[in-house]
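In this document, chain identifiers A, B, C and D correspond to the written order of the chains, with residue numbering beginning at 1 in each.
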Amino acid sequence: MRGRRDYRVFDERFGYLFNSYYNAKGDRHPRPERGVLSRPSLDDVHAYRAHVDAAVIEAIDALDPDLVALGLAHEEQHQELMLMDIKHLFSLNIIAPAYQPRSRRGASEAPAPIGWAEFAGGLIEIGREGGGFAFDNEGPRHKQYLAPFALADRLVTAREYREFMEDGGYARPEFWLSDGWDIVQNEGWQAPLYWREREGDWRLFTLQGERPLDPHEPVLHVSYYEADAYARWAKARLPTEAEWEHAAILVQAAPSHSRAELHVRTAAESPSQALLKQMFGEAWQWTQSAYAPYPGYCPPAGAIGEYNGKFMVNQMVLRGSSFATPPGHARLTYRNFFSPAARWMFSGIRMAKDA
Amino acid sequence: MRGRRDYRVFDERFGYLFNSYYNAKGDRHPRPERGVLSRPSLDDVHAYRAHVDAAVIEAIDALDPDLVALGLAHEEQHQELMLMDIKHLFSLNIIAPAYQPRSRRGASEAPAPIGWAEFAGGLIEIGREGGGFAFDNEGPRHKQYLAPFALADRLVTAREYREFMEDGGYARPEFWLSDGWDIVQNEGWQAPLYWREREGDWRLFTLQGERPLDPHEPVLHVSYYEADAYARWAKARLPTEAEWEHAAILVQAAPSHSRAELHVRTAAESPSQALLKQMFGEAWQWTQSAYAPYPGYCPPAGAIGEYNGKFMVNQMVLRGSSFATPPGHARLTYRNFFSPAARWMFSGIRMAKDA
Amino acid sequence: MRGRRDYRVFDERFGYLFNSYYNAKGDRHPRPERGVLSRPSLDDVHAYRAHVDAAVIEAIDALDPDLVALGLAHEEQHQELMLMDIKHLFSLNIIAPAYQPRSRRGASEAPAPIGWAEFAGGLIEIGREGGGFAFDNEGPRHKQYLAPFALADRLVTAREYREFMEDGGYARPEFWLSDGWDIVQNEGWQAPLYWREREGDWRLFTLQGERPLDPHEPVLHVSYYEADAYARWAKARLPTEAEWEHAAILVQAAPSHSRAELHVRTAAESPSQALLKQMFGEAWQWTQSAYAPYPGYCPPAGAIGEYNGKFMVNQMVLRGSSFATPPGHARLTYRNFFSPAARWMFSGIRMAKDA
Amino acid sequence: MRGRRDYRVFDERFGYLFNSYYNAKGDRHPRPERGVLSRPSLDDVHAYRAHVDAAVIEAIDALDPDLVALGLAHEEQHQELMLMDIKHLFSLNIIAPAYQPRSRRGASEAPAPIGWAEFAGGLIEIGREGGGFAFDNEGPRHKQYLAPFALADRLVTAREYREFMEDGGYARPEFWLSDGWDIVQNEGWQAPLYWREREGDWRLFTLQGERPLDPHEPVLHVSYYEADAYARWAKARLPTEAEWEHAAILVQAAPSHSRAELHVRTAAESPSQALLKQMFGEAWQWTQSAYAPYPGYCPPAGAIGEYNGKFMVNQMVLRGSSFATPPGHARLTYRNFFSPAARWMFSGIRMAKDA
């Protein structure tokens, strides 16, 4: 830790235990064996946290502010990841534990049919402007040429997705990328993650436990393959990240929000966002863009350089933010990314079209 | 639960969650996903235990005494299994947590060289006599013909095993069964489980944490393949279970013991047992007998019948008992069994020879 | 090659290419990559064979006769293995190629119900006597004590096995060993290998191509798990190898036979064998004996010692011989062995009972 | 087959056997079991080919010319694939068989250091123009904005690549994408495919057998991960496919070529190509572009639509052509694609830089 010559590590071995993936930080506990760690005890972990917090607070004025901002942004990412992991863990338990109680709500309202916002395209710019914190992968700002396109004005709902399912969506290879079709076959996918069929009805596992599926909610927990197959079935496509970012300028920049109930909301419940609803704060939106460096991108030196750059292959970009993204974390230029097969994050579908 | 018409289960779903392997008891939580269970909470588990304890105590006079005895014996098996699992889990943690503090002891004493107790063999009998509880797999009592043989009067020590290692034991296929050699190659076995080389010295991970290897202790945590390879290297062999049981008659039946320190003792520390030392209470002893039904064996009906019979293939028998076996649990006729590749139980080596 | 100082190997690299499993013979081509060998060409292989044949013929008088006998017996084993492998390979091809043409036959005759030959047991002897070639694993001859038992007088037929299937044989865990039940579930076993359901009828893939299943033929291509489950369903059990060998003394020692049509015959077609039919020449018969060394067994030194001894774990013994066993190869004391899950050899079921 | 109502298929089952991946064409022989097909016999395959050839020739005037062109282009792709597969198969054989004899050549000449051709970029166009056959994935032609860039004027040589290796290339995670580093670790990669260290010297397995590595030849058989890591080490990067295509306009369009010796040539041996050497006819060149649909791309209906579109994820684009690409097959707009881990195709490295 720069600026603190006299810092004493809490436990030498914790650097090994808690190194998640930084090669530049030396060896680490093997990832598949993480589940076997029952020690250090909860008390030790709390003491470790208090030790680190105290040292950071004491040192904070002397620290590089960019590094502090990066640390905070990283911590915020883990807040969302914790909710993803808790939901996944709980879902594997037949008891279906609830992370938080469920608020009583009346029946939800069906949204209006999807409308299409049209954009003329042309030579536009995307990427971080400078001014305020952003991750390195959001820059440099650069030009891109866009053909005219249209973007759906809201997310795809569970009911709309169920129509795809009922039309044989998971049984007709013509909608699927080859790798996606292999997974559908091998994993026996029949529906999004956390959908459960009980005697003909669909129920949904949420952070508030299991309950009937609300047809008017955005569909959640779809992989890239499912989002792409749905869009093909719907005679549309997914947007590129440049299209998404260009269109999102219309929306007031990612609003701060803090949710009492950690779950996605219907279009009616979402705050009014003029032309385009649900761009932020409901579900991350798959784009058809592979996660790649922007022209001129150069990762910083050292372990910080491992933060983003080394993952720039075999992943697809998601844009926007979800109900579980901490307040103030999302940005117009924010690039989230996951493997095309992943479904445990809070991902949804917004369609695009050639105009 | 027989005899208690009015018993109310604590939670319907626990039957699914906590069914380890009984097909007759219906579906169960998939074994590879056990590690993901973070619920029910510890409080719920304690309440469940109290609920069951109370019901058992209330009902105990009306219950089938054989079933109660089986339940207790089964519970005792899990006491040893818990220690095996705790040791294994802790061993995977770089912090090397200790399950219990280590007592201070002086240097241990080298045992006398192995002596050989000779037996004339002939037509003998093994298996449960009746009188007192025994598992179904210990009977029926039946005749076997034994050729003359000799049994080692103590367990193989760590120092003796290290000689095998230093003579290329893990690098010379001529000592190994083919399946064992494959594992040695694929898993990179170089020593028994929990042995750790640190700058040329061997250290041992124990339930008291990591410490220098005591050369005079019995070697522990060897697979059948290693025990068999060691014996072949030593120009001996492993005993059959009939030989072991026939010889063990000489030893006072398995003594009750309760250990302060959960670890194996040297021959000098072990209580005097006349001709044969360390038959009980130190380390389970691999035999060369595949786990199979005794002539005339017939498993009981129902879920109880799944207890032993259905595992009678692909396993080898171990005899005796270990330092972790609860007091009163072991017996002359007791048949423990594990896959020949398993090493996480408290297993050691006693050799035999043709006389 | 002993006795031939001046022998020149055909190609230095063939020792590596064609070493199947002898550790004492050095490195070898990895087993899972055998399928990729398209070279040496067929011409080279023929030339290699001619080279070796010529050298053996020239040297044969100077060679150790025991070694020559072992070589011939080993070659004969591979003759049967070749037929097993050809059948398996062809079965995977939708074209269902026939290895040989099928002879025209009328409908087969239903055998009489299984009769039981009773044996008093007692202290008996099994194993090679000396006199004539035998594999090392067939000795030493030694005593065993047998309780009274009965042996079925013929093999189980396909019709009888189908009754087990129709009674839920593959769906009821109470008949199965735990490891076997896992395979049934994981592999989706519903019938013996090579049985094929076509619109409600069972057809059989044979070395003569695919044809309707003959209900009166012995069931073939069952694993140990299936043989054991069938016997449990039929309220019987499999014999031990000692029981089988003791009973087989009644039968004229394994007859020489050479089959025009390589397939199993019904009991009516099998040559009359007094009390016990089909002991040799139809299908290998699973025993409940794990493959283990006989008391006093000691493998020979060198690579020859790897022939049998190193496989003595995790396998079950089969006795008798099959229609594909070369003439003169089988013996009363012959011990065949396979993994309990294997089904591609010509294996059938003969039951036993406690008398 | 359109236009031939009366066509009789050679064998109904061949449609199943020889369907490689077309879901729209029904079920198919499982890919991992392809190695077990020893039937149909070579004679049958020849007869099948003759049958199809005759039918095509008879029908050709009535057939859709676009479909015929697609069929021919597809066949040409398989000609190169056959050479890739033959090389791979032969490489796994210790005998190191040669596909063709090796011509005698003198020592090769070291090329001049890499020079950099500079391009101003701006709003350019890439993709098929129409006029002549092209695959569907090469269009539509569309605009892209390029920042100024420079392209290396020749491929990276084996000697240059060895410098990367000797500088710890395969041992320093800072050069690698995370997925690439995992493979380096798990597969133990130390060099490109087919490089073999023999007593300190590097030898190369080629279609002409094994021989010393020629340091001045382009490095071949590198994965995307290796190409990307090399470029990062060399303080450069890989080109995008738009950069590559824009630069390649300078080069006379892909020359027809037919090679006597199927191997890559040094820059000196390659035909003079003005500013940029070795763009075509030596080795496919990895780009940093993920394989994705061009804006406005829409796959054709039916099985033809499965040809390219369904693979547009998890793959990287390669441009140019190799020594094994059939004459006339390559094009300026040609998009080859492989998984980033693949190395068995004839792939090399051309670097780019921001200008």
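In this section, a contact is a pair of C-beta atoms (placed from the backbone, for glycine too) under 8 Å apart; a residue touches a chain by one contact, two chains touch by 3 or more.
Just so we're clear, the structure is a prediction, and the values are computed from it rather than from any experiment.
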item: Length of the shortest touching-chain route, chain B through to chain D; value: 2
item: C-D against B-C, pair bridged by the larger set of C-beta contacts; value: B-C
item: Where chain B and chain C are represented by their mean Cα positions, the distance between them in whole Å; value: 35
item: Distance between the centres, which are taken as Cα means, of chain D and chain C, whole angstrom; value: 48
item: Per-residue multi-chain contacts in chain B, two or more chains; value: none
item: List of chain B residues in touch with chain A within their complex; value: 11, 13, 16-17, 29, 33, 35-40, 89-90, 92-95, 97
item: Chain A contact footprint on chain D (complex, rising order); value: 21, 23-24, 123, 142-145, 147, 173-174, 176-181, 224-225, 228, 288-290, 292-293, 295-296, 305-306, 310-314, 316, 340, 354
